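Shared between the two complexes below is chain A, which pairs with chain B and chain C, respectively.
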Partner chain A sequence: MASKKPAVSSAAPPPAALLSQLWTNYRAETGVRLQLVDAYMVFLLLTGILQFVHVVLVGTFPYNAFISGFASTVGAFVFAAALRVQTNPKNRQGRDFSPERAFADFIFCNLVLFLAVTNFIG
Partner chain B sequence: MARIRLLRACALLFALLCFIVSVTEAAKSKDAKSVKKVKKAKKAAEPSVDVEGPRTLKLSDFTVTVRHSGEEATTHTLAYPKPLAKPLTVRPGDSLRLAFQLDVVPEGKAEGKALRAHQAFIVFRPANSNASPDGELVQVLESTPNGKHRIELIANRFAKYFSRQPGDFNVDVLLGVFGNVQPVRYPLGTFHVDFPPADLTDRTVVEDLAKRAKQRALEGPADDGFMALPEIEHQFRPDDKMPPVTFSLGFSAVVLSPWFVLVTLWKLAGANPANLPSSPVALLAHGTFLSCLAGFLGLFYLYWTQLRLLQTISYGAILAVVTVLSGRVALSDIAHRRVKATKKE
Partner chain C sequence: MLRLFTLKRLLIASLALIYRGFTLTYETPRANADRLRLIDLGKRRFDHVLLFADQAKKLPTELNAHRLINFVNEGGNVLLAAGSTLPESVRNFATQFGVFFEERGSHVIDHFGFEHTLDTGRHTVLATTERATKPASLAHLFGGEPTAAPVLYQGIGHVSSANPMLSRVLSAGPTAYSAETVDSQVVDEEPAATGHELGLVSVFQARNNARVTFSGSRALFSDKYFATPVKYGADKSTKEFPQSGNKEFAERIAKWTLQEAGVLRVIGTHHERADAATVKRDGGYRVKDNVTFSIEIAEFDGQDWKPYNADDVQLEVIMLDPYVRTTLSQEAPRKDATSSVFSTTFQLPDTFGVFTFRVRYNRPGYSWIDDAREVPVRPFRHDEFPRFLSVAYPYYTGASSVMVGFAVFSFVWLYHRDPATPAKRK
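Right after this comes the complex of A and B.
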C-alpha cells in the first residue's frame, strides 16, 4: 500500500484526519490497475470472512463445501497478492516481464485452483 | 472411449470362450477315464450304497456283557429296539462288553446284507444333566466289514469321569450310514454307575478339578449345535443437522454481497470497461479469450454436477489451446497499447 505521509502540523492530528489523509494519498499515488487489484482482494477477504461466519453460526456439516469455498478465497487472495507484487512498477528490480505476462500467470493459476476446488467441493 | 470398451469386451469374450472350450475338453477326457475305471472295478465292487432305494438298518445278536471283578460274567441279550429290562450296575474294576451284528435291509425285503456302519458310537449321558460338569462320555465302536460291531469298556479307564458324577447314566448306541438309510439311535436303558465320589481332600483331585474348571471357562458354554446369530442390520446414522432453507438462501445472498462491494470499489477506482481495442481482430481475440475463461468456469460447473475427471481434463485441454492462442493475441494487444500510452507521455 502507499506509504503514509507524516502530518504537517506538530500536534497529533485526530485519527479520523489521519485516515482521510491515508485514503487521499492512496487514491492519488496508487495506479488504477493496482487499485482494481486491491478492490478484488478486499472482495475476497470479505467473502472468506462471511463464509467463516456462516460456519460459526450453523456448523461445519457440508465440510467439503466450506473447506473448498474458503480455500478458493484464500488461494485467489494469494494469487491476487502475487499479481499485485508483479504488476507494481515500483517493484521492477531486474525483473523483465510485462504485467500482461503476470496476468496470464494469474489466470492460469486461478484455473488450476478452481479445478482443484471443484474436485473437492463434493 | 467406446472403441476401447468394445475392444475390452471382445478380449473378455475371447478369454471366456477359451476357458469354456478347455473345461469341456478336460471333462470329456475325465469321463473317458472314469468309464474305463468303472468297467475294471465292476467285478470287485462292494455293495453299492447310493443307487439303491430306501433301506433300513437291522441289528441282531445284540448282547451286553458285564463282568464284575472276581465274578462270572452276566450276559444280557437285547432285541432292538427294546431297552434293558433292569438297570445295569457298573462298579470299579468291572468290564462292559457290547456286541451286535449290523445288516442293511432294502425296503420290502426280508434279507439284507452285512454292513459296516460309517459312524458307530456308544454314548453315556448322565441322567441328571444338571449335575454333570463334564457332559457325555462318547466312545467309538470297533467294526469289521462283515457287520460285526463291538466295544469292550474297562470301567477303571474312566474312573475319573465316573467319580466326578456317579449315578445313573442313559446309554445310547448311535449308528450312521451313508446313503438313503435311516440312522439309528438305540437307547439301551439306564446304567447305574456305582463309583465312589471324588475325594475332595485329595490334592491331585482338587488340582484336576481346578484345571478342568479353568479349561471350561476358556471354552465357554457348551454349544448344543450351531445357531443362527442375530441378523446384522445396517444402522443408518442420523441425518446431519441442516439449517432451514430460508436461512441458507439468505446467507448465500450475504456471502454474495461482497460482489456489490467489488463493483462499487472498481467504479470508485476508475475502471474503464469502455477501453475497447480498436481493431476488429483484437476485439475478436478479447472476446474469445473472455468467453474461453467463462467456458472454463462452465466446464468446472459441469465437472461438479455430471462430468468425470478424465472427461473434464480432455475437454479442458481443447479449451486451453483456444484460450492460450486468443489470450496471447489479446494480452499482447493490451501490452502494445500500454507501451504506446507511456511513449506518448
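Right after this comes the complex of A and C.
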C-alpha cells in the first residue's frame, strides 16, 4: 500500500525504523483520498478474512450465504483497487477520463455486485 | 382359439388339448400345403404351432424359417420336435434362436445311459435325468422330483448359444456324445459335442413373451415312450422305473409352450406419497419424499389366475442411472385373491427431474415383466424451506457490513475536500 519506498542505505537500519520510515513517507506523500481508499480496502480485507476463518472453523453449510458474503468482500476489494489505480494522479499518463468518471464506474459496479449478492445470500 | 398342428401322426392326445380349450387344425407337408397361412392379412391366424418335423425332406413355404420367425414376432408360440433327419428350414429356424442342431443323420448316443428294452443295439434311446436345476424358476417349471423317472429320448442333439432368453431344460448325460449311426458305428473322429454341453430340449422366450421349444426328438412325445417301463444304465448299475418320466415332462413343456404355465401378468401398479393420507399437498412428488410403490402380479396356472409368490421382485428408480434399487415385499394375500401385491416404501433421492419407476422381473421360464412409469420429481419451492438461517448470520453480517462500508466510503469520498492540495485534484 506504500506508494513510495525510501532509498535504502548500504548499512541496513533495524526493521522497526524501516517500518516507521515507510509509514511516515506514506502519510506525507499519499493523497488523502487515496489513503481513504486504502482504509476501505483494509476494512474489506479484514471482513473477508473473518468470514473465511469462520467457514474453515464452522463448516460450509449455508454455502450460498458464505459465497455471497465472501464474494461481496472480494468484489468490493477489486473495485476499490480499480478506483485507486484510476484516481491516482501518478497514473495519469495515457488516461483521458476524469476521477469523477472512475468514481461513477465504481458506484455502478458495486451496485451490480450487491444486487447479485443480495439475491444469492438467502 | 385356433391351434395348428403339422405332424404326420398325432402324438399328443388331441382330446386332452381340446378338453383344455384348444381348437386343432392339422396340416401335413404335402396335402393342401399352399392353402396354409400362419399370418393372414397381417393378423396371426393361430396362437400356437406344434411342428413335428423329424422326417419331412421339405416343409411348405409357409413353414420356412422366415415365416415362422414372423409368426413368433407376432406373438405366436412354436413347439418344435425335430429328429435326426430334420429339414434344413427347421435347422435354419433353430439357428436364429441360438439352437444349433448337430449334423444331419447324427444321434445322441450313450453307451452307459441307454434304455434297455426299446434300444435296438445302437444305444440311441437315452434315459436321462439331467433336467434343469437352476435357476430356481426353471427348476420349478421343468425340473422333476429328485427321484423322478428318467426321460426317454431318441434323436438329434444340439448345442446352444449363451443367449439369456434361451434355457436348457433337458441335457444329455455325462457319458453321452453325438455321432452318426451309420453302418459299423465306429466313431473315428472326435464328436462335436459330448456330455452336458449336448442339449436335448431347450426353451426360448422372446421379448414379446412368445415361446419356442426345441426338442431334438419326436419320440419323446410318443405314446410308446409315455407308457414304457424304464430300465437303464450300464450292466452292473441298472436302474428300473415302472413308467418313464416322458408324460410328465412332455406335459410340462407343452403347457409352458402353450402359455399355460409360467405365465405372469401385471395387473397394475400404484404409487403415492407415504403420508398422502395425512398431509395434503399439491404438486406431485418433491425431492426426498417417501413414496409407497406397489405392483400387482398374477400367475396363470392353466385354469385360473392365482397370486404369484416371490421374494425377489425389485423396483428401480431410474434417471439415466438407477438412484434407488429396492426389493419389494409381498403383502399377505387377501382371501380368494387372484393376484399378489408387492410393495415397499422408499425415499426419493435428493435430485429432481423425471424419474422412471421400473420393475424389470426377468426369470427364465416365466413371462418377462417390464413395467415402467415416468414420474416427475420437483425441487423444493421457494416457500417450502427457510430462507434465512441463524447459522448463516456471520455471512449476512459480512455482506451487509460491506454494503454499509461502501455507503460510508462513498459518502466520505464525495464530501471530502482536500484543502491542503486543491490543485492536485483538478
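Just so it is clear, the second predicted complex is superposed on the first by the 112 of 122 C-alpha atoms of A that agree within 3 Å, B and C clash if a C-alpha of one lies under 4 Å from a C-alpha of the other, contacts with A are read in each partner's own complex, and residues count from 1 in each chain.
By definition in this document, a residue touches a chain if its C-beta (ideal position, glycine included) is under 8 Å from a C-beta of that chain, and two chains touch if they have at least 3 such contacts.
Just so it is clear, the model here is predicted, and its values are computed rather than measured.
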Simultaneous placement of chain C and chain B on chain A, clash or fit: clash
Touched partner set for A:I121, first chain B, second chain C, both or neither: both
First (chain B), second (chain C), both or neither touched by A:V112: neither
Touching partner for A:F61 - first (chain B), second (chain C), both, neither: both
Chain B versus chain C as contact partner of A:L19, first or second or both or neither: neither
First (chain B), second (chain C), both or neither touched by A:A104: first
First, second, both or neither for A:V85, with chain B first and chain C second: neither
Which superposed partner A:S72 touches (first chain B, second chain C, both, neither): second
Touching partner for A:L50 - first (chain B), second (chain C), both, neither: both
Touching partner for A:V42 - first (chain B), second (chain C), both, neither: first
Against chain C, colliding segment of chain B, chosen among 9-17, 63-71, 225-233 or 243-251: 225-233
Residues of chain A that lie at the interface with chain B and also at the interface with chain C: 32, 36, 40, 43-44, 47, 50-51, 54, 58, 61, 99, 103, 107, 114, 118, 121
Parts of chain B lying in touch with chain A, wherever the complex brings them together: 240-243, 247, 251, 254-255, 257-259, 261-262, 265-266, 268-271, 293, 296-297, 300-301, 303-304, 309, 312, 316, 327, 331-332, 334-335, 338
Residues of chain C defined as touching chain A within the complex: 387-389, 391-392, 394-399, 401-403, 405-406, 409-410, 412-414, 416, 418, 420-421, 424-425
Of all residues in chain A, those that touch chain C in their complex: 31-33, 36-37, 40, 43-44, 47-48, 50-51, 54, 58, 61-62, 65-66, 68-70, 72-73, 76, 80, 89, 99, 103, 107, 110, 114, 117-118, 121-122
Residues of chain A touching chain B in the complex: 32, 35-36, 38-40, 42-44, 46-47, 50-51, 54, 57-59, 61, 98-101, 103-104, 107, 111, 114-115, 118-119, 121
